[in-house]
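Presented sequentially are two complexes of chain A, the first with chain B as partner and the second with chain C.
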Partner chain A sequence: MRSLIIARQEIKLLTKEKTVVLLIIILLGLALTSTFIGWLSQHNIQQVYDVASAQLVSEGKSAPPSPFTNFPDLSVVKNMLIYIVICGALLAIALGHSSGVRDRKAGSVKMLFSHPINKRDFLLGKILAISFVLFLTLLVAFCVSAMSSAILVKLTGIDFLRLIGFYLFSFVYLIGFAILGLSFGLIMKNEAVGLLIPIIIWLSITFVLPGFTSSLYPTASLNPILPITESHTPTLDLLHSIVNPFSIAEHYKQSGAYILNLGDSFSGNISLETNLIYMSLILLWTLICILISFIAINKFNPANEELNE
Partner chain B sequence: MNNIFLIARKEYKDAMKNKLFLVVFLLLVVLTVTSIIVASLLFQSKVLDYQNSVQALKASGKIISISEPQFSPLKLLRGFVDYLEIIGAVLGIVLGYYSIAKEKNRRTLQLILTRPVKRADIISGKLLGNTLLISTAVILIGIISWLSLVFIGHATLSGLEYMKLLIVILLSIVYIIMFFSLSSFLSLKMKTLSNALIICFVIWLVFVLIIPQIGDTMDPDNQVPGGLFHSLNLDKPHEIQVLSHFSSYEINRDHLEQSSITKHYERASFAFLGIKDEFNDLPLSSIFAQKWIDLLVVFFFTILCIIGNYYMVYRKDTLSKGE
Partner chain C sequence: MENIIEVKNLTKKYEDFKAIDNISFNIKKGEIFGFLGHNGAGKTTTINMLTTLLSPTNGTAKVAGFDIIKDGMEVRKRIGYLPENIQLYDTLTAYENLEYFAKLSGIEEPQEKIKEVLTFLDAISFQNKKIGECSKGMRQKIGIAQAIIHNPLVLFLDEPTSGLDPFGVKQLREILLRLNKEKGITIFVNTHLLSEVTQICSSIGVLNHGKLIYQDSLKNTLKKFKNEESLEKIYLSIEGKENA
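Moving on, here comes the complex of A and B:
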């Protein structure tokens, strides 16, 4: 009950944070842009294929079948896989961090704990609030994606269910980053360090690990389409097997593509079992982040309000 | 002038004690070396595949029609550019933020001005100190990359290739200084320092990640694994011929990409390092002739952000702002 009171107050304050609102607007804008760009590029690429195959035929060569014939309609939202990984995660970190430092910044921690509130109620209230704001943002992003996709392509009931599943899965992925932002925001004496540490963790997960597991250059990992697996050496295979379980951004992209049924070009040729393992790893990541938040709240000292920028 | 050097030396020393700067720097070093190792292993694996294919074709009495993989050592440095454009920019942001935040937190800017120090000297000193620091970091990463190329990639560089590498290192320094200046400008301008940091990361997100991502995914050749034209067995002249039918789409895509400074940095660096095949054997003058606009844009925005810092420090209310 006390957690709910804290959560309600926290939600009010979070929605007033300009930077958080700005990131929410960017994410929603990207949800809209994603569908339009997805549709435009798909439309254009089909025309490029038609012109190229006509040219091949005119030269007496045979044109290979179109690689886009079996592209599902939901592939118009394929870029959301990337926007969740980059913009969604940064929003989640900013949201959690903002919630973590607010009371110390306002100098209201001692006053808050003069009421019959324990640290667990405090943490639970904060987690509930950031979860609610993140859930609401993703709900609106879902509505934007669903409506814009329905206007541009023909979606079935199953497509809508897949889209719901994708956004729910994205919520599970993002809440880990939000809790990480909250945890470091609670315990770090320096506000900027509390923000920069989760950002460095996010950078490592998003751009560094794919470099080890899939030999991907950082900019290449921004394309939702998976690269063709290049010939590997035993050293690279060993590196892949060691680092792969931790490369959750890649697991998110592949499992997200699997949920949206985007095909092998996006999800890789993974089986249902592998996909379930990837999903479990992401759930495990979220649980680890929750565990970190419990460690953080135990270290959190309400008597010490010191916070430097 | 003495004041500028004093402030610069203090900036350098302070940054060397900054754990976050050291963490990001070490991350960059490890990543660059790893990317060269991975690129070298991939190349060796391609050569091995080629040799196996040639042997198999010879054994079956067929004509060898596949081309031998061409080794271009500077191409192995693609990861160096990619990591500098993403994480190098973060390094600049961290330095720019700390450079101003420490003064605002300790309220030392006002204190410095009670001494015979000009406002411009503060910015010049900070800029000089951090430029030296960024240069040290990028040059060190460059040297480590070169050593990795020689000892891991077993490459030998020609005089021209050394020159090209040097140009990319200089361009990278300017690019990171731009993010440093942007971050210090926002930290000077905004009342809440953490908001300045978040806004800086939002700008970084949009210009370093989102705009290049949109441009890349709109590229017809990036819609199929391995590339559409490769899957259709179309060579470069045919590809250009096909794309000429979609000139307005390509122009719009190009304009979108050009709105990102990171893309200008990337285009120029990729050209000098020969990562784009068409620039591989070109002399420096030809690359400069084709890429001068990209270079100009990077320099222009860097100077603009630096001017922004001088403007902010002369505004009356800037130095009184703090948490």
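Moving on, here comes the complex of A and C:
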């Protein structure tokens, strides 16, 4: 019950936080841009094909069938995969961190804990609040994606279900970052360090770890989805097998593309079983972040609320 | 009269440093107890332990009949606490801040209670003002309001006059006396300002380097040190003996 009171208060305060509101607006803007860019690139490619095929026909030659007609409709939202990995994760970290440091910044920790609440209620309330704000943001992003996609391309009922699945999957992926931001916001004495640590973890997961396998997967860091290129270098193969389980961002992109049914050209020739393993790794990542938050709240000392900004 | 605070061999150690060294004392119900000591004497550490914010290394204490270690939640239900440097949530109004603390204390419909407390503190006029726009004196009143909204038996205040102007200090003194007389709240106040003590406290304790070196009623203290012309000299005499 008390955790719900804390959650309500947190939601109220989070929505008044300018940085958080700005990041939410940016993410929603990106959701809209993603569809438009996706549609525009398909439209341009199709136009190039139409012009070329008309030219061929005018020369009395037969035009080959368009290689682009089999593009899945949801490929218009494919850019969201990279936007979630970058902007979404940063939003989640900012959201969690902001919630973690708020009470110490306000100098209200001692007052709070002189009332009958315990640390568990406090943590649960904060996790509920950031989950709610993140869920709501992704829900609106889903609506933006769904509406803009429906306007620009024809979406079937299955496509809508896939889009829902994709955003739910994105929520599971992002909530880990939010909880990580919260945990370090709660315990680090220095506010900037509390923000930097989760950002470093995010950078490692998103760019550094995939970079270790870049010889195997050369454009992984640049292009969200590309099929894995075969490698015959034993050292890199070994490195890949060690680093791969921790490359959460890569797994998210692969499985996200699989959920959106973007096809082999986007998601690589990866089986359902492999995708299920990737999804389980992402779930495990979220659970580890929750565990970190429990460790953090145990270390959290209400009597020592000083915060160096 | 029954004891509302019973402190027994309370000790707080930080590695080799003893912040609080085996202190024991009792405070009777209805008293205003002034806890005196120089900066860094351990007054805030003591208050942190009595309000269950900090666990003692050794010893224990009972507040309102409940053990601070075993029954922390029961203690919290019966105390109010006003720390030094109150900030609260700047983007919320005074009313919204109070509503939050009231709900945390289990008051489900706090509207009437907030109105009552703000009226008592003569703070109703700025209930809709954002805390970020409030003066130090206004914040202090809202801080007191959050501490008394659930009708506590004991009110702990840590250097409550810090940063207040003389008018604010006078107002605060009057509020504390009214809280004690009209609501029967026992008050434990950490301070190093002797003028406050003489005007509101019924008993005092003096802490020096984590040790309780003196405790008695203000009346007895003034009798014992009748040759001293002011409480400041009494205090210096007590501390001087200890430091000699």
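As a working rule, the second predicted complex is superposed on the first by the 273 of 309 C-alpha atoms of A that agree within 3 Å, B and C clash if a C-alpha of one lies under 4 Å from a C-alpha of the other, contacts with A are read in each partner's own complex, and residues count from 1 in each chain.
Simple rule for what comes next: a contact is a pair of C-beta atoms (placed from the backbone, for glycine too) under 8 Å apart; a residue touches a chain by one contact, two chains touch by 3 or more.
In this text, all values refer to a predicted model and were calculated from it rather than measured experimentally.
Visitor: Is A:271 touching anything from chain B or chain C once the two structures are fitted on A? First, second, both or neither.
Guide: neither
Visitor: Does chain B (first) or chain C (second) touch A:58, or do both, or does neither?
Guide: neither
Visitor: Once chain A of both complexes is superposed, is A:90 in touch with chain B (first), chain C (second), both, or neither?
Guide: first
Visitor: Could you look at A:195 and tell me whether it touches chain B, chain C, both or neither (first, second, both, neither)?
Guide: A:195: touches chain B, not chain C.
Visitor: Go through the superposed model and pick first if A:207 touches only chain B, second if only chain C, both, or neither.
Guide: The answer is first: A:207 touches chain B but not chain C.
Visitor: Look at A:111 in the shared chain and tell me whether it touches chain B only, chain C only, both, or neither; answer first, second, both or neither.
Guide: Touch status of A:111: second partner only.
Visitor: Chain A residues in contact: does chain B have more, or chain C?
Guide: The partner with more contacted residues on chain A is B.
Visitor: Based on the superposed arrangement, let me know which partner A:16 touches: chain B (first), chain C (second), both, or neither?
Guide: second
Visitor: Taking the two structures together, which residues of chain A meet both chain B and chain C?
Guide: In the superposed arrangement, which is not itself an observed complex, chain A uses no residue for both chain B and chain C.
Visitor: Which chain A residues qualify as touching chain B in the complex?
Guide: Its residues touching chain B are 18-19, 22-23, 26, 30, 33, 37, 40-42, 44-45, 47-49, 51-53, 55-56, 61, 63-64, 67-68, 79, 82-83, 86-87, 90, 94, 101, 191-193, 195-196, 199-200, 203-204, 207-208, 211-212, 215, 217-219, 222-228, 230-233, 235-236, 239, 265, 308-309.
Visitor: Once bound in the complex, which stretches of chain C touch chain A?
Guide: Touch residues, chain C against chain A: 48, 51-54, 73, 76-77, 79-83, 85-92, 96, 100-101, 103-106, 143, 146-147, 150, 156.
Visitor: Taking the touch rule as given, give the residues of chain A at its contact with chain C in the complex, in rising order.
Guide: 2, 5-6, 9, 12-13, 16, 102, 105-108, 110-118, 301-303
Visitor: Any idea which chain B residues touch chain A in the complex?
Guide: Listed in rising order, the residues are 20, 23-24, 27, 31, 34-35, 38, 41-42, 44-46, 48-49, 78-79, 82-83, 85-87, 90, 94, 97-98, 101, 104-105, 193-195, 197-199, 201-202, 205-206, 209-210, 212-214, 216-218, 220, 222-226, 228-229, 231-234, 238, 241-243, 245-246, 249, 266, 323.
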